[in-house]
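Heads up, the next two complexes both have chain A, just with different partners, chain B and then chain C.
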Partner chain A sequence: LDETQVRQDPEVPSAVAAIRTLLEFLKRDQSETILGLRENLTQTIRRLEEADSSVAVSSGGELFLRFISLTSLEHPDLSQCKKVMVERGELFLKKISLSRSKVAKLCHTFIKDGAKILTHSSSRVVLKVLESAAADKKRFTVYVTESQPDSAGQMADKLQNLNIPVTVVLDAAVGYIMEKVDLVIVGAEGVVESGGIINKIGTYQLAVCSKAHNKPFYVVAESFKFVRLYPLNQQDVPERFKYKADTLKAVEDLAEEHPMIDYTPPSLITLLFTDLGVLTPSAVSDELIKLYL
Partner chain B sequence: MPGADKETDLTERIEAFLADLKRGGSGTGPLRGSGEMARETTYLLRRITAQARWSSAGDLMEIIRNEGRRMTAAQPSETTVGNMVRRVLKIIREEYARSRGSSEETEQQESLHKLLTAGELSEETFREHFVHLKANVIEAINELLTELDGTTDNIAMQALEHIHSNEVIMTVGRSRTVEAFLKDAARKRKFHVIVAECAPFCQGHEMATGLSKVGIETTVIADAAIFAVMSRVNKVIIGTQTVLANGGLRAVNGTHSVALAARHHSTPLIICAPMFKLSPQVFTTCSLSLNDVNSCFPVLKILSKVNVHCPVFDYVPPELITLFISNIGGNAPSYIYRLMSELYHPEDHKL
Partner chain C sequence: RGVPYQTVTLIHQSMVKRLPEHVQVDDPAVVKRLAKKLERQQIPLRSDYGYKVSLFSHLHQYSRKAPLTQLLSIPSTVIHPSIVRLGLQYSQGIVAGSNARSVALLHAFKQVIRDYTTPPNEELSRDLVNKLKPYISFLNQCRPLSASMGNAIKYIKKEISNIPSQCKEEEAKTKLLTCIDRYIEEKIVLAAKAISKYAIEKISDGDVILVYGYSSLVNNILCEAFEKSRKFRVIVVDSRPRLEGREALRRLVQRGISCTYVLISALSYILPEVSKVFLGAHALLANGYVMSRVGTSQIALVARTYNVPVLVCCETYKFCERVQTDSFVSNELDDPDDLMVTRKGKTQLENWQDVSSLGLLNLVYDVTPPDFVDLVITDLGMIPCTSVPVVLRVKNLDQ
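Coming up: the complex of A and B.
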């Protein structure tokens, strides 16, 4: 059940698929106590992470656990608690399925007519933003990086379907192209406590380049991607996020593998667009504190 | 009928205010400071609350929102009008929540916490009627007015902490807040002020005369000399027209250059701005879209084949600013988002 859910819908972000799986699991769970429930859930989350080791799954899982503990504090009786949990879980899923459109609505006003946008790899949120800007009758051109090792050419195809002029550039050509672009928009796999982001490898380079050329660097992310990590540099990002799940299982010496993600510090980010509003990087930790209050 | 009279009187006042706003922008009407603008707007909003016909908080908010939209459309560059409307809307929300008995804290912002624990997809409709709501709202607006009256004094009170003896302070153009700030410090300390004249209207001259009347040693310099003089300056203290949501500024033309010069010499840049100047707008990359353009008559007399551009405002990014001094104390630019969330409700950001 777990794995099929994860691979099911390509439109759904992996965190949402994870939460949906957990909710299904919750419905079928037989445990008698809340502690037992938590243990089973933690095990399931670990198995989900083995299947797909991205940051988003981990943040979605943690959010769900947090959600369980908050609910269990209010209703000590297990069966009633479960009913409330299932209700709230469904509601939560409904709300976060709307979050991508909320983000798109906030962000597309920042794209002006005639703008040249640079983006990195394939992100469904960025695609939604560009879609709404195009629907708003704005004319703009997009440069997409090729984004090796698993080239994200699909982004270019999708944009062409929307009649947006798009050019694919090499990852190495980012510095070359930066003087032509007006703004940079990227998605995020995870937003960390410092206000920085974890995203496909190459994002850090893009951010440093855009800072050097004084171009605004915008990040679009839904709020369930906020994760309780505080990396100070690239080495601080936990190993289990850096590589794909299969690589982690198969390979002995991880030093020989290429990492799939990198960390971009908050000093390089201009603004973050989330379904909680337009945030400056310093506002992100505030939001996280409010959750774990 | 007394009711109808009150209403026509109200609409007359609103129309007069709107006409005033429009004239103020084109430079023909009386040039008002933003403090006065804020006070006038709040008086008008209080009058609307008292005299307009409404039965529930939702109606009142609709009325105020409509008037607010008309006012901001009349003079888009005067952001204090919109800010006051948003403050009043937030006041109404708070009073409503208080009358209902629920704690205001939890109702406010969107947050991850709310996403997880909220019961139903509840939409706050503000339909309930409370008898004392009108009186409470008017009382709260009166408190807001008292706060507005005291802003310049509150800011000036903090002057002694920031200005020390024998310092050289630079300022740009004319700002009533900065003038009061410097005058307050001059009562106990001796320091030197350099004023950049701020062409083409040269408001720096008025500032300099005002400061020298109180006995402060003042020097007026041309705008082009700002960088040259910056190495001798200890602090730069300026006012601004608006503080944006990301901590940036929309200030008089030439401020960005001053900020860059200050950054180059590692001179602290201090902004004296009362809280009513804080606006939920965020700067978007095209600066011309939020700029008024001035008439260029004072700049060039010969105009046959020459295009003259004379923008009124400048954008200063938050990285160049050291400190904001407002009536509630000193704050870093990265903290502005928090102050904003306390003053305005996110749904009111777009009127």
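Coming up: the complex of A and C.
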């Protein structure tokens, strides 16, 4: 169900597809008790994580569970409870589908006329931000890193379609190009409790270079990507996020595999643009405490 | 001016914030006020001892050889005997450590409540609070109160004043005793279990963990992790004059954990081997600074230079609404005679009082900025140091 959804609409982030699947599952679920329902949902989330091991699926699933289970205390009757849960689920889905445009609205004002922007890999949120900036009649150029092993050529094509001048640079040329750019904008696969981000491998390098050159490093992410992890360093990120789901199942010794993501600590990030507002990295934890406590 | 440790923090009133008396010792007017108050409460005033270093002359400095109880008549009519015993235990260092002191305080208060009878024409909720004030002044004279003790006292006073007036005495007393038991159970015992659960996730096999001094919480975590068969070894860092690390070392080795013992001067030598640093805290301040045993900020600083993650473990009842950016404003000066060391029959610094230009400084606490701390593990979960005010806000809403 999830795979078909993702293939149908490439604009939809994998987390939203996952949540849509969960909502469908909720509608069709036959359990008699709230506990059974929760258990089934948790199992489904785990199965979705096995199919697509990105951080966003995990965080989106957990947030969905939290959002709907706040009702379980209010209504004693199960069928009424389920109806309320489904309603809330639809509401949650609607809110997060709008989150990308909210982020774009907040961020595009930070792109000034004549700016040179550096971005990493292919991110639909960053694309939306650049789209809104272009629609606002701003002139800017974009440098995109090649982002191996699965190159980000698609990002360059999409930007060319919007008539934005774009240059593809090698991952190794980030240090070389840093003095030319004015700001760095990246997306995130997950935002962790410390305010750091988990993103495509190469982001950490980009952040370190931009810190060394004193260029602002902005992150754009929707709020459903906030996840309850707290990595202390690169090694502390759980294995199940570092590699693709197929790799995890097929390969025995993960030490030989190349990780697909890395962790950027909050000290290197200037600001995070989310649908909850523009946050500093230390404010992310405050928002998470409000969401989860 | 009830509990000296509490600063008045009513923001909506335009009140000048008063500094607590124990950090204004060099102001004679404040000292006179304190002396008058103690006289009213019939508690002897403890006099300072020895020459004080000028930067810290605003703090008290007492000698362990002159405990407050020498000036009291025994049996004391004013102070409950369990409080006298507690005060002596504090001033001689028999009960030391943030959690131990709070628990001992709460147990002593339980005894006080058990032996209390309401005088005629008085209400328990008001009279008991007034009875506790001289005890708290006495304990403060024996050894300045810690942040955790301050929070515990605040809680007890609130519980006592919330007793309805129709409540019978026996009922009220049992209610208070159960409240205190629940506080100890929730805030200290269960919190330790919750913190261990989170902390064990951060300990992986093959880790080399550095600890400093003796923190009951950190010891608890390491023993639990060892029970859960995590393979790690511990480096215990210790410092004079207290040498508390020896106690930690003894307990860890008894469990079978492989340990190394170094003094703090060897810190930069062993840090390249270390994978994580676990520190305990005396209090967590509202601006994210960590107040802990002197030497902690040094460890955090050097660990940051070597890019070793620093994890601070602290229960939420030690969160404090004070703000402090340096270790001078509010601290504790211990007995300067502790710095004298006898080796091979000779005592260095034996006649330090005779040298007029010599001052001995035995600081107890220091303050670590949040930039050096990577993670704070509390019973509410893992938070960055900068989120302490949010937790305080959430807790105030709960209450």
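Assume the second predicted complex is superposed on the first by the 286 of 293 C-alpha atoms of A that agree within 3 Å, B and C clash if a C-alpha of one lies under 4 Å from a C-alpha of the other, contacts with A are read in each partner's own complex, and residues count from 1 in each chain.
The rule is short, and it goes like this: a contact is a pair of C-beta atoms (placed from the backbone, for glycine too) under 8 Å apart; a residue touches a chain by one contact, two chains touch by 3 or more.
The structure displayed is predicted, hence computed values, not measured ones.
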Query = Looking at the overlay on chain A, is there a clash between chain B and chain C, or do the two fit?
reply = fit
Query = Given the touch rule stated above, what does A:183 touch, chain B (first), chain C (second), both, or neither?
reply = first
Message = Looking at A:92 after the superposition, I want to know if it touches chain B, chain C, both of them or none. Which is it: first, second, both, neither?
response = first
Task = For A:230, decide between first (touching chain B), second (touching chain C), both and neither.
result = second
Query = When the two structures are overlaid on chain A, which partner does A:101 contact: first (chain B), second (chain C), both, or neither?
reply = neither
Message = Touch test for A:276: chain B only (first), chain C only (second), both, or neither?
response = first
Message = Quick check on the superposed pair: does A:216 touch chain B, chain C, both, or neither? Answer first, second, both or neither.
response = first
Request  = Tell me which partner A:285 touches in the superposition: chain B (first), chain C (second), both or neither.
outcome  = second
Query = Which partner does A:80 reach: the first (chain B), the second (chain C), both, or neither?
reply = neither
Request  = With both structures superposed on the shared chain, find the angle between the C-alpha centres of chain B and chain C as seen from the C-alpha centre of chain A, to the nearest 10 degrees.
outcome  = 60
Inquiry  = By the touch definition at the top of the document, which applies to A:160: first (chain B), second (chain C), both, or neither?
reply    = neither
Task = Could you figure out whether chain B or chain C reaches more residues of chain A?
result = B
Message = To be precise, I mean the smallest distance between any C-alpha of chain B and any C-alpha of chain C in the superposed model; what is it in Å?
response = 6
Request  = Enumerate the residues of chain A that count as touching chain B in its complex and touching chain C in the other.
outcome  = 282, 286, 290, 293
Message = Which stretch or stretches of chain A touch chain C in the complex?
response = 193-195, 228, 230, 232-233, 236, 266, 282, 285-286, 289-290, 292-293
Query = Which residues of chain B touch chain A in the complex?
reply = 109-113, 115-121, 245-247, 282, 284-286, 289, 334-335, 337-338, 346
Key: Residue numbers on chain A that touch chain B, as the complex places them   = 63, 66-67, 70-71, 88, 91-92, 94-96, 109-110, 112, 115, 182-183, 216, 223-224, 226, 271, 275-280, 282-283, 286-288, 290-291, 293
Ask   = Contact residues on chain C for chain A in the complex?
value = 202, 276, 309, 311, 374-375, 380-384, 386-387, 390-391, 394
